[in-house]
Amino acid sequence: MTDPLMIFDLLLALAIVALAVASLSVRDLFSMIVLFIIFGLLSALAWVRLSAPDVALAEAAIGTGVTGALLLKTLHHLRYVSGTLGQQTALGVTPVAPVPMGIILANAGFCGLITLGLLVAFLGAPATGPGFDALVAEAMPQSGVEHPVTGVLLNFRAYDTLMEVVVLLAAVIAVWQIERGLSDAPAPVMGEVWQGFARLALPAIVVVGTYLLWVGAEAPGGAFQGGAVLAAVGLLLLLTRAYIPQPAHRGVARGAFVLGTAAFALVAILVAGGGRVAFEYPLEHAKTLILLIEGVVTLSIAVTLAALFHGREPVALSEGGRHDT
Amino acid sequence: MTPDLIYGLTGIAVFGIGLVGALCAQDRLRRVLALKLCSVGAGFLLVVGAWREPPATPDPVPHALVITGIVVMVSATAVALALIRRLQTLEATDER
Amino acid sequence: MVELAAAVLIATGTLFFIAGTVGLLRFPDIFCRLHALTKADGLGLALIALGAALLAGTPGAVFRIVLIWFFVATASATCGHLVARYARQSGAGGGAP
Amino acid sequence: MSVELSPMILAIFLPLFGAIVAFLMPRMAALIGLGTLAMTTGAVIWLAHEVLVTGAVVLPLGGWGAPLGIDLRADGLSVAMLTLTSAVGFLVSIAALDSLKGADQVRQRQYFWPLWLLLLTGMNGVYLSTDIFNLYVMIEVIALAAVGLTVLSGSRAALQAGLEYMYASILGALLFLMGVGFVYLQLGRLDFAGLSGAAPTGALVAALALIFVGLALKTALFPLHFWLPAAHANATAPASALLSGLVVKAALYIVLRLAQYMPFPSENLLTLVGLMGAGAVIWGGVQALRAERLKLLVAWSTVAQIGLIFVAFARAGELGLTESWKAAALLILAHGIAKAAMFLAAGRIKDEIGHDVIRDLDRTPIRPTLAQFTFALAAISLIGLPPSLGFIGKWALMEGAMAAGYWHWVAVTMVGTLLSVAYFSRVFAGFLRFDRVRAPVGEHQGWALADAAPLTLALMAIGLGLLAAPLLSFLEIGYPFGVAP
């Protein structure tokens, strides 16, 4: 008797592929984004089925949540700027020099070839490569945390995680440099019920976010998932206009962006000494150091993601000005 | 038909769809979305590579890599969307 | 015994979800569809949450399930209100005065 | 509590801290930027000394060792790239001090330095890394900082070019990530030591192909070069010097490094790479001949030169791979220095004459300035006239091709050189006013401080040709080809 869960896997896999095709082929931009968000949530569910709860959490919170919010904000900006706010469907703006059909078909064929090649290579590969299981299991006692994924993220491959936070910092610097001044597509006014919901949800989100950060040492969770949930606090504040970014707050915001990277890099350097290399935490302090880094990085990620959602440096029009080059 | 085979094929299919979208889509937002599909496809592949038969726990290293990949992808998407918003503003002011 | 009760609860919950989806597909305009969605799915979710709570071992898990139910219920109510409000304002509601 | 830091850690963390402090204090960003660059150059020189004395230096981060943790490794090639990056970077920064001092360039001045230092962090990280997923994260750091620099000018053309560049670099990075996924699927480990000596099975060949296509997209190799000319031509002068001179080199370095570890599966794949390079040389040359503006011409010549580097890579077939990476490395160094000098000089020319349309370069009243002289010097190295480093690189390329009997690559190099002479002479004709309108020649322009940086770079590009022998022996230190480090 086939395992019932396998039927569920097959259905989920079909749903995911169908949603991917649908989200790229539907004409209306708003339905494209909604289909993409459902695709993201279902792929998070698929990763739970592949017993990867951390990744599912990260995909749901960051990959779908924050990305979905960014896409919706950009769509709102497009409709507001092009004056089609009232229209029901927002169709994609085709560029002035559309690429001839021949090149598009050639590209599509080229991609089909690549996908076919990948399929053959994937089926040919041995089912389970040797992998790092033994190495991680043997090194976990010295890592200072119980949960293996957090151990890998913040101890064995801490250099990767530091550079990932640097990527986030580079993103917020680039976004602040691209867009400046006051938002020319203000968030729509959404009425009292929404304000009530936000007032109810905010404290709960803060508690859930901090819980996610704290539980990261023993169970799925950690800095990035907690940071993304806490970023939702920032999004809610921005959407309900409870907080409108002021030019005066730029200094604090810049401090919060760099806090995570600076603390992580400093800890990584200061432990190097007395026979230890960079990123080599002394065993007895390992847990406290990792929790310190995780806390600071979470705060930094939350503020950075909220700033990426706000999408511009809050500069007073006089100083920065819309027309400065 | 173990889960890792099913989801491995899904991952490659999603990567292919994203690739086609990234190269053939005309609208800016759609291309950003297609690239995000590619990144989910690549994530699928790594997580499938980490999956082990149920009694054994999966390999944690690719999980950490995919989390890193997701955060990197969201920052790249944020910069691309900021560029698109800025271009929209400039194009709108030029038309008026 | 507990498994049986949980199975029955989850089955009825799924039935409500199916009813909600059929309502979504069949009803003519946006307000009826919203009605179907928020009511049927809300009840369906409550039943499934109850069934899951029966199966959940530790009290901690039960508390988390209740928390989940509470947040999804409030969120879906708020979203229903927002969609209805937007539909009324932009007149896309289809026929409603 | 004494903290002993290896120069490799300093080379990566100094620019990172510099970027953080420069972002926190925008008004003093220039000062912090130059200070950080000086310190980073010091760290690179210290690392070069260590590599000279003890050969390849390996630093297991976190003390975990290769497969589980990440190792940093510095050998001759990586230190040569680090020196190129910090030397060219330092001089471009001095030029940036001058070219971004305009009253209306407040925002550009504030944001150039944190983005440039993050770019430096990413590049130093690429040159020292031995883990392919770590390379992916570093490529993303470079990509985001480079896009930030491309759109620094804020004009609509720069933003459009920046968006195209963003799409191309994200797609390239994702192809690279998919390749990393397949390498993990096949080998179960992600570091270079695991790659060397691995039997080329189906998944590994697919991984190699994906990684190469991803990197070809990032280095703008011929069929995938569509994004480069607009991005490099529309950026501000220092930004385009960094983009063309240094950013493209990081992806080229990764191709060289992976070719040293990953076995090339077959001969005809290598000839395909060579053909793509040849296509780039010819197409880049033709487009440069048709270019209207000076910076566009220089950007198209980048496409052609990158094609030449891939031809150098494939010049002696599968057997010659152990030698041909040296010709490619020499060409990379030569192109890095000369192209940065040329872009800075093009920026200076535009400042002085007011426009950079090639056709009426000869209608300006002023006599040839120092910037035009620097442009000519840089062109000498790019064309490959002796004694410049470009000549040494091309000579090593042709020598290897002749020895292995691959005469067609020699022909391609010749055609490339001819085309480069053709499109550069279009510019020189304008400088020296040979034809058409005899514009009245005005008084001599004084030598500006801003010309110092491009001139030094151009003279370096030519002078280094004389130091080719020690440079080649330095490149071979700690050389890992085929041997696990």
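Read from first to last, the chains carry the letters A, B, C and D; within each, the first residue is number 1.
Here, contacts are C-beta pairs under 8 Å (C-beta built on N, C-alpha and C of every residue); 3 or more make two chains touch, one makes a residue touch a chain.
In this text the structure is predicted, and so the values were computed from the model without any measurement.
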Between which chains do we find the greatest number of C-beta pairs in contact? A-B
Farthest from subunit C by Cα centre, which chain is it? Let me know. D
Computed distance of Cα centres, subunit D from subunit B, in Å: 28
Taking each chain's mean CA coordinate, subunit A and subunit D are separated, in whole Å, by 31
So how far apart, in whole Å, are subunit A and subunit B when each is placed at the average of its C-alpha atoms? 11
Flagged in subunit C as touching 2+ other chains are none
For subunit B, which residues are shared contacts with two or more other chains? 15, 18-19, 23, 28, 39, 45, 48-49, 61, 65, 68, 72, 75-76, 79, 83-84, 86
Among all residues of subunit D, which ones touch two or more of the remaining chains? 68, 133, 137, 140, 144, 147-148, 151, 159, 178, 182, 184-185
Let me know each pair of chains that touch one another. A-B, A-C, A-D, B-D
Enumerate the contact residues on subunit B facing subunit D in the complex. 15, 18-19, 22-23, 28, 31, 35, 38-39, 41-42, 45-46, 48-49, 61-62, 65, 68-69, 72, 75-76, 79-80, 83-84, 86-87, 90-91, 94
Note: in the complex, subunit A contacts subunit B through residues 5-6, 9-10, 13, 16-17, 20-21, 23-24, 29, 32-33, 36, 39-40, 43, 46-47, 49-52, 54-55, 58-59, 62-63, 66-67, 70-71, 73-75, 77-78, 81-83, 92-95, 98-99, 104, 107-108, 110-112, 114-115, 118-119, 122, 127-129, 131-133, 136, 148-149, 151-153, 156-157, 160-161, 164, 167-168, 170-172, 174-175, 178-179, 184, 224, 301, 305, 308, 311-312
Touching subunit A in the complex, subunit D uses residues 1-6, 9, 13, 16-17, 19-20, 23-24, 59-64, 67-70, 104-108, 111, 114-115, 118, 121, 125, 131, 133-134, 137-138, 140-141, 144-145, 147-148, 151-155, 159, 178, 182, 184-189, 201-203, 205-207, 209-210, 213
Inside the complex, what are the residues of subunit D that reach subunit B? 68, 133, 136-137, 140, 143-144, 147-148, 151, 156, 159-160, 162-163, 166-167, 170-171, 173-174, 177-178, 180-182, 184-185, 190
For subunit A, which residues are in contact with subunit C within the complex? 86, 88, 190-191, 193-194, 197, 200-201, 204
